[in-house]
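First chain written, first letter: the chains are A, B, C and D, and each begins at residue 1.
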Amino acid sequence: MKVAIIGGGSSYTPELIEGFILRRDSLPVKDLVLVDIEEGQEKLDIIYELSKRMLEKAGSKIKLTKTLDRDQALKGASYVLTQLRVGRIEARAKDESIPLKYHRLGQETTGAGGFAKALRTIPVILSIAKDMERLCPDAWLINFTNPSGMVTEAVLKNSKIRSIGLCNAPIGLQRGLADQLKIDPKDLYVEYVGLNHLSWTKRIFVKGRDVTEELFSKDDFVEYVAGIIGGHKGAKELVAALKTIPSYYCSYFFFEDQAIQKDLDNIKEGKGTRADQVMALEEDLFKLYASPDLDEKPEQLSKRGGALYSEAALSLIESIHNNDGKMHIVNVMNKGAITGLPHDGVIETNCIVNKSGAHPIASGQLPRGSSALTKAVKAYEQLTIEAAIDGCRQTALLALVSNPLIHGADKALDILNDLLKAHKPYLPQFYSKEE
Amino acid sequence: MKVAIIGGGSSYTPELIEGFILRRDSLPVKDLVLVDIEEGQEKLDIIYELSKRMLEKAGSKIKLTKTLDRDQALKGASYVLTQLRVGRIEARAKDESIPLKYHRLGQETTGAGGFAKALRTIPVILSIAKDMERLCPDAWLINFTNPSGMVTEAVLKNSKIRSIGLCNAPIGLQRGLADQLKIDPKDLYVEYVGLNHLSWTKRIFVKGRDVTEELFSKDDFVEYVAGIIGGHKGAKELVAALKTIPSYYCSYFFFEDQAIQKDLDNIKEGKGTRADQVMALEEDLFKLYASPDLDEKPEQLSKRGGALYSEAALSLIESIHNNDGKMHIVNVMNKGAITGLPHDGVIETNCIVNKSGAHPIASGQLPRGSSALTKAVKAYEQLTIEAAIDGCRQTALLALVSNPLIHGADKALDILNDLLKAHKPYLPQFYSKEE
Amino acid sequence: MKVAIIGGGSSYTPELIEGFILRRDSLPVKDLVLVDIEEGQEKLDIIYELSKRMLEKAGSKIKLTKTLDRDQALKGASYVLTQLRVGRIEARAKDESIPLKYHRLGQETTGAGGFAKALRTIPVILSIAKDMERLCPDAWLINFTNPSGMVTEAVLKNSKIRSIGLCNAPIGLQRGLADQLKIDPKDLYVEYVGLNHLSWTKRIFVKGRDVTEELFSKDDFVEYVAGIIGGHKGAKELVAALKTIPSYYCSYFFFEDQAIQKDLDNIKEGKGTRADQVMALEEDLFKLYASPDLDEKPEQLSKRGGALYSEAALSLIESIHNNDGKMHIVNVMNKGAITGLPHDGVIETNCIVNKSGAHPIASGQLPRGSSALTKAVKAYEQLTIEAAIDGCRQTALLALVSNPLIHGADKALDILNDLLKAHKPYLPQFYSKEE
Amino acid sequence: MKVAIIGGGSSYTPELIEGFILRRDSLPVKDLVLVDIEEGQEKLDIIYELSKRMLEKAGSKIKLTKTLDRDQALKGASYVLTQLRVGRIEARAKDESIPLKYHRLGQETTGAGGFAKALRTIPVILSIAKDMERLCPDAWLINFTNPSGMVTEAVLKNSKIRSIGLCNAPIGLQRGLADQLKIDPKDLYVEYVGLNHLSWTKRIFVKGRDVTEELFSKDDFVEYVAGIIGGHKGAKELVAALKTIPSYYCSYFFFEDQAIQKDLDNIKEGKGTRADQVMALEEDLFKLYASPDLDEKPEQLSKRGGALYSEAALSLIESIHNNDGKMHIVNVMNKGAITGLPHDGVIETNCIVNKSGAHPIASGQLPRGSSALTKAVKAYEQLTIEAAIDGCRQTALLALVSNPLIHGADKALDILNDLLKAHKPYLPQFYSKEE
């Protein structure tokens, strides 16, 4: 069993390494290859050395290698994990700041930022999938690269490679909810529906009993859920009306003004965009990683976000590898599982996972009050995927106009033009025709 | 053939009178009853006298009466036309100004204003429909009362009365388009899909030839269409990408900032809201109408909006009455005609109309780039209708949050609270439970 | 305006000629070309001469020509009418008799006979459509060739040519129903849904009033409808339960045993199959046609079946040509008009017809009690179309097994093998791969 | 944990008892109540005594009781198992023989026999569900009573009780397939779709690899599958074309003539109907059961059919009780899991089962070549359920006419009349109105 991690030089990698160490019995990895691009060589070296120290300390038998040669990494792999960032963190800084110029949200996954990230990322992931068809056609592509839903849909529609999209939000929500209810996560079952970063916990079961109505009639529970979407004014009333748990990212849609204001305040106060903050965090992290004394995942990584990320990823691979049929909330083709969303669109929902893949559970209609937003965002996503592949500016404009966070064709046009210009080196599909 | 006009004291009535006069041969009306509420007595008297002079001048044999007794007006009617305004123009002024306080659009049909109007209007129209079940069960309810799509859906779902929703926008668009193309309107066929005040001319046929692609490749045509939605920056690029004609009201969604700014500017410059302007216009109109010398529709009425309104209404009644099977673009149950919208929701589309009613033509998918908005607004509409009937604040909040012009649960809550308070006398469904 | 009639030597042609003569004012045909294949030369000559005499007598200015060169006929045509029979009447005789060997119905459109006819006909019609793309890309293909629904679906899915499928059953049903109700056909509106030769009159309106419930509560009406499907034992009870008028061809499904028995009896009594009877009829007809004294459509043609055929065809062309927007019941793509049938399958239903084509009216669910049969037959049809194009025996077997008149995989296999063998010269798609 | 077995005097009960003994660790049953009707007292006594001997031998602590008082049995139950037969085996004998008079299949679940069984059984099961709402509202109704799909749909649509429909066919198929492939059942995953007794193994995965195409290209595998549906002439060709495994019961549809012939032969040879054979078998079984020396499930029970029945039922209860999330193939509401079947109809498919219930996995379209039959049968089922509840003869007639095994409205009427008459004591819903 060979595992290739594309974007191996990422600061997240120690999380994965720790995960592989913890699961040595259930996940018998033989070869683990970290692959990255030339610009990432330095980070890759640091991560490689740290990972080696971690594996050695644990007495692991995993054979770790590093490489800049993607073909070599893919050849014979069983699982390919993608955690790459096209244009690196610098591109994200642009994604986040350009829309703000027009008083629109540059959020890196749901806003105009996520749109630009999709345009840059989808062609790269598709090229990986094409390489996999050649080098490891039976391997699984486990994608955490954001926007995870769109990227996974692009792969599933344009390649023969089996792929599952992953996010740590569902597992985070389940853990948090179990904590809130003071129950063992094993006693909790949630009917989780929607899209990546726009999902809804439609029904909540504790030890098999549907407690949804009951919970939403309690003030403290409503307050807890309101906190998930930021706890702003109106959040409690919204939650009490929805009777469903919106995911954290829904807050950008329900409290857009506040999110924009926060971004503007941060910049005003010199804290920069989230990308700027992450850059600083990463710099610190890599300093720490580089220390030859460090031989375990440092606590500081938890500030970076991405908690439970390794847990989500490796338990998924475990279910595939061990054919165990466990339930995971992942990104897969809809096939009718959620009524009212396209059958050939990727959704995020409860799936049963085994060696044959992830199979979505049918749950019917979206929760009341959630469908306007969810359907609109899915329409936006499908136009974005098309634009990312075809490089058509008109399609890209329709996509942005369809994004509920843009509201305004003039804004959409300005933001699109600025983004295409700023990311030109990473968007050949939009420029090749013209030159 | 008896026709009852509910809201007979409206300034629009002379348009209808003129229409009945012109169609004396095809529409053999015997009794025409103008009915209004007590607060509207004075206007009703003026309209009645003017109408009488108009009919006399034309030598019409129609027997005209006026009454405040709705039962008497409905008894034995064949057609009931509703052009009422619950809360009168003063309520509209509030609809338009309250949302502006929160920097949101108070547009009287698509924005928060339209939402409040639906809450006030739907119960009244349903009470008319109930009366009709008793007094004229076979009559047709021809509804022009805005928001026309929602009002019609409420009637069709909650009463046995046959109803068709009407708007002058489709006929206006077709006439304008024929002018632009310099062709006879008879040579034009448009595939018109969507919702009332959120519709799309998907395909354009001239003498049966599909000229859609061709037209949208021409700069002057794109400019013309861009003009329909206000001609703002970005409009041309949007139109060229959509390759479909959005209706005028789509401009509120595509150019929301500009619409809000215009409203704010008007207020700043002392012009008031559109309701204020209409109030002034109406005052002038009624002065004119009251003149005993006036015996025809005055030209000034055209400034009031509502051009071709009589044309749309009476040609529709003609098709029903004469069983002629002509095509009209009206508001009817979807029944699958537009893919992706609920089967039990009202849409605005091409229908064949005869004595058995209006039957929608199936056209498949919504135009590319229009579905995010259309599906979101339909979800909003269906929640609004529920709230208007049940008087549930939570449903009302979910409705407003689902409206793409609100973007913000805090804004939705504030606007909802203000609107419910301001319109309390007209919203008993929201207060009866509490008191 | 040039009209090409493919299969011009058909005995039906005089019906069309008469129709063109009657409609000289509304349908200004300039050129009328009768085209046929070499084997049909003799008949073509007879028809051509008769048609010429008819046109001359009427003082028509239509320029009539005959040809064996299809390209020449198609060049510049506005309307192409297909009334061909691949394999001629001899093939039909086989279609009807082979299934009977296995005690299955060989009906020429709905049974195994119709299946074989589809396999032979679809490739030929597609080749005509391909030629039209080259020679008259804007022309309309008006198809009466049976099985009309399948043939039209094949054209619409595999060619750019605009096509409408036609049958005389809908107009026949409407005329008969008006007679039965003793009303003017103009006062009747039927909601007609389903497939060609498997259709249902879901609702009946007289002067706009829905009289469906009322009619089906009357014994004499139920008896009338029972008569349409043969009047056998059980027919009245079935009709009373259905509360919808099944088309005549539904009788093959509801009274299969009786239909088979009738065929067997006919053969036993020396009357032969329906094809044999038609052959005799045609022989007589052509003798009559050949008489130089005959210069009008002879009464004897009415025995041949196909009444109102010219009426249906020419009024349809009139609606297209004159862009009149009248309602016709024809075969078009579903696009959601009938819920539960595939969106990309051809249905037979009420359409509004103008120069832009035939647009189906959405009517929602199939009538209660009709959906099992209708959905099954549509599934059969789509497999048959695939098989007709691909020449795949497995697909052909699945198609026949799916036909509700076959019930039996062993029977399906035997009948398939016999049909493929018997029609080998006309089924190159099934043999080319093997040889 | 209390378990009530309704129809406790069934010959199958020892299977269940054995199952409870084997699962003593995973299923901690405290009370086990066998309940039956007065006519079944004698059998109930025999079964009760045998069960007691079995439990004693095994040293089980389960408290076994028997009763004729259903209320007492239901009170406080956690699981209610229904294995009843309204009208007992004598009614089945009529179900099987009456249709044969008209040369139609009287199969007890898919044919006219199953139809009659549904009419008798559904009202009884609904009365049990109503009692459960009163006496054990949180209990699970595990239904094995045939026709299992229809009975379960009736419960889910007409009661608040949570219910899962069960059949031993899916587990039987999986075990048999694993044997055939010489693999461990744990390494096999099948995508199983359709209806109870009309299901299809759409895709087959071995150790996660999709081997469907590969298997169906092998002659011996095709032969094996052909054997499942009886191995008649045409079966191999059918299977090779379908590329999916039809369930055993599909053979009645694909080889109806052979099934009828077999029934007729059996009767001719004095073997009687299947019911007659079962009666003889049961008589022998009960003689055996009555022996005080017997203290385990006798081998002879395996001849009775119903192998793996206890396995299917108790592993399902285990998944619910232990909240283990395992995959079971059971009967649940579709909710979009299978495209093209009604969302509110019960299907049989892969489900994930835990304490919150059974959740179907979405799989998209039915396999090619299976949809005509499956859609038709589902339409038949839904009409049958309606008729069983309303007691409407017209609906019952439409149901039978829609069953693909009836083909003939005259036959449907005769069979319906005979069945209603023969089962009058068990069909009060059809008679109460009249008397």
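We adopt the following convention: a residue touches a chain if its C-beta (ideal position, glycine included) is under 8 Å from a C-beta of that chain, and two chains touch if they have at least 3 such contacts.
Not measured: the values here are computed from a predicted model.
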{"item": "Partner chains shared by chain A and chain B (touch criterion as defined above)", "value": "none"}
{"item": "Furthest chain, CA centroid comparison against chain C", "value": "A"}
{"item": "Centre distance in Å when chain B and chain D are each reduced to the mean of their C-alpha atoms", "value": "56"}
{"item": "Whole-Å separation of chain centres (CA-atom averages), chain B against chain C", "value": "44"}
{"item": "Contacts with 2+ other chains: residues of chain A", "value": "none"}
{"item": "Pairwise touch network: line, ring, star, complete, or other", "value": "ring"}
{"item": "Full enumeration of touching chain pairs", "value": "A-B, A-D, B-C, C-D"}
{"item": "In the complex with chain C, residue positions of chain B that touch it", "value": "138, 186-187, 189, 191, 203, 205, 207-210, 320, 323, 325-327, 334-339, 343, 350, 352, 354-357, 359-364"}
{"item": "Complex contacts: residues of chain C adjacent to chain D", "value": "232-235, 237-238, 240-242, 253-258, 368-369, 371-373, 375-377, 379-380, 383, 393-395, 397-398, 401-405, 407-414"}
